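In the two complexes that follow, chain A is the common piece, with chain B as its partner first and chain C second.
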Partner chain A sequence: MNLFKIRATIYRDIREYFTNYAVLTVLLMPPIMALMYSTPARNVREDLPDVMIFILLGTALASIATNVPLMLYAEENEHDLLKLVTHNVSDLMNGIAGRSILVLFITAAVTVISLLIAGQADVLSWPLVSGLSIAALIFLNLGLIAGLLAKLQSTSTVYGVAVLFLLGMTPIIETFFLNDSHLLMKLAEFTPVYQLMAIHNNAGVMPYVIMLVWLGLTTFSVYLAVLKRAKTL
Partner chain B sequence: MDIEIQKITAGPSNGKIKMRAGKSLAVQIPYELAETFSDTMEKAGAHVFSGGLLYYKRLNLKVHIEYLRKWYNSPLKTEDLIRQFNITDSVSSLSKLNRTEIQKLTYIHALLSNNQYIVFIDPFLNTVNDNIHLFHKMKEQLIQQEKSLLVASSRLEDAFIVQPDVMKLSDQGLETVETTDNTEDNSSSNVSKIKVKAHDKTIFVTIEEIEYLESHDGKVYINLGSEKFIMESTLQGAEEQLEAHGFYRCHRSYLVNLHKVKEIITWSKNTYSVIIDNSEKSRIPLSRTKFNEIQDKLLKL
Partner chain C sequence: MSMIQVNELEKSFGSERALRGITFNVEAGQIFGLLGPSGSGKTTTIKIMTGEFKPSGGEVNVNSYNYKQFAKNDYVSSLGILSDKSSLYERLTVKDNLELFRKLYNAPKGSVEKVLKDVGLESEIDKTVSKLSKGMKQRILLCKAVIHRPAILFLDEPTSALDPTTTEKIHDMLEELRDEGTTILLTTHNMDEATRLCDKVAFLYQGIIQDSGAPSDLRHKYKREEVHITYNDGTMKTVEKKEENRQLLNNVLFSEEVADVRTDFPTLGEVFKKVTGKELV
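Take a look at the complex of A and B:
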C-alpha cells in the first residue's frame, strides 16, 4: 500500500463529491428521507417504527457505500480515466483503498446525521454499531464489484438501484404483510439489513455469522473483480 | 531499458530500442504500428502518453496537478508548474477549457511521473506552436531529471521537431533517417511544370503550387495542398531543377518553396521548423546550419 497514492485518491474524490451532482444527490438522499419519515411521526408524537429506522439505515448504506463507488468507477471505466494514473494492480488497490476509506467515512457521517434528523440516534448501541460496520463493508464491496466491472454509467445505475431496493430497503417487505413462511420473507431474513434488525433485537451471534459470510463472499468477489479489471489497465 | 523491435514490428530485426537516462530519442513509426508500439512500451514499464487526453471533466487544472503531484509524491510545486506552463485558467472545470489548454496537463503529468521512462506518441498532432514550445521545455526538464524520453511520431517532419537526429522504425529495424545528399545528377532546366506519378496516372504539377518536397524510403514526395505525389527524381535532382523557382534545401530530406514559407520557429537551441502557409500550417524541419541562410534568401526573395 502506498500512503501517498491513497491520500491523493481521497483528495481527488473529495473534490469530485462536491462537483458531481449525482454523488451529491445520493449523499442527500438519507437525510431527506429521515426528514420525510420523521416529520409525520413527530406530528402525532409517536416514535418512528423500527422498520422505518432500518429502512433508513439500509438506504444510507446502499445509497452511499454502494452507489458512490459504483458511480465513480462506472464513469472512470466509460471514459477510460483509470489509465490516467493506474497502470497495474498495485495502483488499482491504492485507488480502491483511498476511495473506500472516504466512502466509509462519509457513510458513517451521513448515517449519524440521518439518525439525528429522525431523532433516533439512541438506536445506536455498540452491538448495532459493530453490525453496521460489517454491513457498510458488505455494501461497499457490492459497489466496488459492480463499479469495477461496469462499462457504462447508464447500466451501472441499474445495479445501484437494484442493490438499493433489494438489499438497502429490504425491511419494506414487512409492509406487504406476507406470511412468515413466504419465500420472499425467508430470503429477506438472510439479507444484511435484516441481520441489523436481529442484532437490534438481541438475536445472539447468528446475525454476525450471516453477515461475516456475506462479507467473505463479497470480499472474494472484489478480489476477482480487481483481477479482471487489472487485465485491461 | 531495451525494447526488442521484433515485439513491435513482428519483422526479422533483432535490434533494440535503447532508452537511456538523460537521453531523448525521436523515432518515426508507421501509423499502423502506433497501437502495438504503445502496448509494447507500456508492457516494458514505460509511462506512455498517446494522443487521447485523460482528465476529469468536472475538476479544474489546479486540482488535477495537485492530484498528480500527490499521487507521485513529487517535490515539484503546483503553483510553479501553473506559472511555468502558462496556465491562465486553473480554476474552471476542464469541460470548459479547450484541448490546447488541457494538453498542457499531459506535459506536466510527464514531469510529475515517477517513471524513469517517458514515451510520447504523436504529441504534435492537433497542437499549436505554443504547446510545442512547452513540450521542449518539458523535454529539457526531463533530461535534467536524468529521465529517458522517447517521442514516436507517424510524420517524419514531426519527429524532426523533437531533435535533429531522428530514427525510423520499420520491419527491418531501427535505422537512422537517411540524411546524406543524393548524388544523382539531373539537368537543370527552366520549366514551369514537373512530372509526378499518382497510381497509374502521370500528372503535371505547376511548380509554384508545390509547398515542399520530402525524401524518405528512397523516394521523393511532392506536397501541394492536401495532396502528396511521388516524383521520379532524387531530392538532389529536384533541388537543381527547382532552385531557380525559389526552392531551398532547408534540410537534407526537405526542399521547401520559399514563396510558401510563413514563418520560422525556434523550438530549442538546435531545433527549428519552417511553417508553411497552408491550412495545416505544416512544420518542415530546418537544419541548424541553414538557419541564417534561409533568412537571407527569404529577405531577398
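Take a look at the complex of A and C:
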C-alpha cells in the first residue's frame, strides 16, 4: 500500500464531492429524506415507524456507499482520467483503498446526521452499529464492482438506481401488504437491510451470518472486477 | 549513454503490421523527434515505450528498464507522458489537478507553483479547468507530465492544433527541460517544430524508419546541388553545381549584375518527401 497514492486519492475525491453535483445530490438525499419523514411524526408527537427508519438507513448506504464510488469510477473510466497513473493492480488497489476510506467515513457521518435529524439516533445500539458496518462494506463492494467495470456514466446510473431501490429501500415492501409466504417477501428477508432490521429486533446470530455471506460474495466479486479491470491498464 | 534503445521493434494488430522492425537510440538529455504522417506508427511506438502496448517482436529498453518491466511503479514514476489520452478533472481547479499529481508522484511542495510559472500560467492557478482555453489546457497537461521532474518525457504531438503563441511557450519549456537534462521523445508531423527542437529525428513511414539523423545533417544529405542567382533587374536563374558550370559560377561571384547568390537547403518536409515519396500531412 502506497500512502502517498491513497492520500492523493482522498484529496481528489474530497474536491469532487463539493464540485460534482450528482455526488452532492446523493449525499443530501438521506438528510432530506430524514427531514421529510420525521416532520409528520413530530407533528403528532410520535416516533418514526421502524420500517421508515430502516428505509432511511438503507437509502444512506445505497446512495452513498454504492453510488458515490460507482459514479466516480464510471466518470474516470469514460474519460480515461487516471489511465496514465494507474498502470498495475497495485495502483488500482491504492486508488480503491483511498476512495473506500473516504466513502465509508462520509457514509457513517451522513447516516448519523440523518438519524439525528429524524430524532432516531437512539436506535444505534452496538449490535446495530456492527451490522451497519458490515452492511456498509457490502454496499461499497456493490459500488466498486460496477464502477470498476463501467464504461459509461449513463449506463452505470441504471445499476446504481437498481441497488438503491431493490437493496437500499427493501423495507418499503412492507407497505405492499404481501403475505409472509409471498416470494418477494421471502427474497426480501435475505437482503442486507432486512438483516439490520432483524438485528434491531434481537434476532440472534443469523442476520450476521447472512450479511457475512453477502460480504464474502461481494468481496470476491470485487476481486474479480479488479483482475478484469487490470487487464485494460 | 543511451536512455532509450529500440532494436528491431515490431508490433502487429492482427494481420496489420504497424511497426516492421524499427531501430533507434536516444541519448540522455536529447530531444528526439519521431516524424511521420498519421498512421505511420508514431503513437504505437510511444505506447510500447510507456507500457500501454506489448511489442510483437524486438527489444525496447528505456532508462535501463526492459519492456517486460514497464508495469513496475519505479519505471512509471520516472516517466512523464503527454498523449492524446491525457486529460484533466474539468470540475476541479488547476491547482487541485496539479496537486493531485504532485501527491501521486510524491513531488516536493512548491512544484505546482513552479511548473505553472514555467509555462506562464501562474495567474490561472485557482481557475476551474473547464473555463480554460485549449492552449491553456495543453500547457497544464504538460505541467502535469513534468511536475515530478521525470528523467524521460514522452510527448505525442504536443502542439497539435494549438495557436502559434502557445506553441512557442511549449517549445521554450521543452528546451529548458532539455537543458536541465531531461530526455525527450516527441512525435510530430510539424517539420518546423522538429527543425527547431530536435537534436535528432527519425522519419517513420509505414512502420519503417526510412532515415534518421540530426535535422541539419539530413538537410545537408539531401540538399539540392543548385545555386540560385538573382540579378539586379530582378530576374532569377538556377544553375546546377556541375563541373561544366564552374566558369559561369566563378563569374557570377564577381559580377556587378548579380544582386544575390544562394544555395538552398531543403526543409525537413522536403527531405521527408524525397525519402518517402509522400507529403507529410
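Descriptive notes on the structure:
In the analysis below, the second predicted complex is superposed on the first by the 232 of 233 C-alpha atoms of A that agree within 3 Å, B and C clash if a C-alpha of one lies under 4 Å from a C-alpha of the other, contacts with A are read in each partner's own complex, and residues count from 1 in each chain.
One rule holds for everything that comes next: a residue touches a chain if its C-beta (ideal position, glycine included) is under 8 Å from a C-beta of that chain, and two chains touch if they have at least 3 such contacts.
The shown structure was predicted, so the numbers you read here are calculated from the model rather than taken from an experiment.
Once chain A is used to superpose the two complexes, chain B occupies space that clashes with chain C.
By the document's definition of touching, both partners, chain B and chain C, reach A:Arg7. Judged by the touch definition given at the top, the superposed model places A:Thr19 against both chain B and chain C. Once the two complexes are overlaid on the shared chain, A:Ser90 sits against chain C while remaining clear of chain B. Residues 4-5, 7-8, 11-12, 15-16, 19-20, 79-81, 83-85, 87 of chain A lie in contact with chain B in one complex and with chain C in the other. Residues of chain A that touch chain C in their complex: 2, 4-5, 7-8, 11-12, 15-16, 19-20, 79-81, 83-85, 87-88, 90-91, 233. Contact residues of chain B toward chain A in the complex are 42, 47, 52, 54-56, 58-59, 63, 66-68, 70-73, 93, 109. For chain C in complex with chain A, the residues that touch the partner chain are 51, 71-73, 76, 81, 83, 85-89, 91-92, 96, 99-101, 103-106. Interface residues of chain A facing chain B in the complex, by the touch rule stated above, are 4-5, 7-9, 11-12, 15-16, 19-20, 79-81, 83-85, 87.
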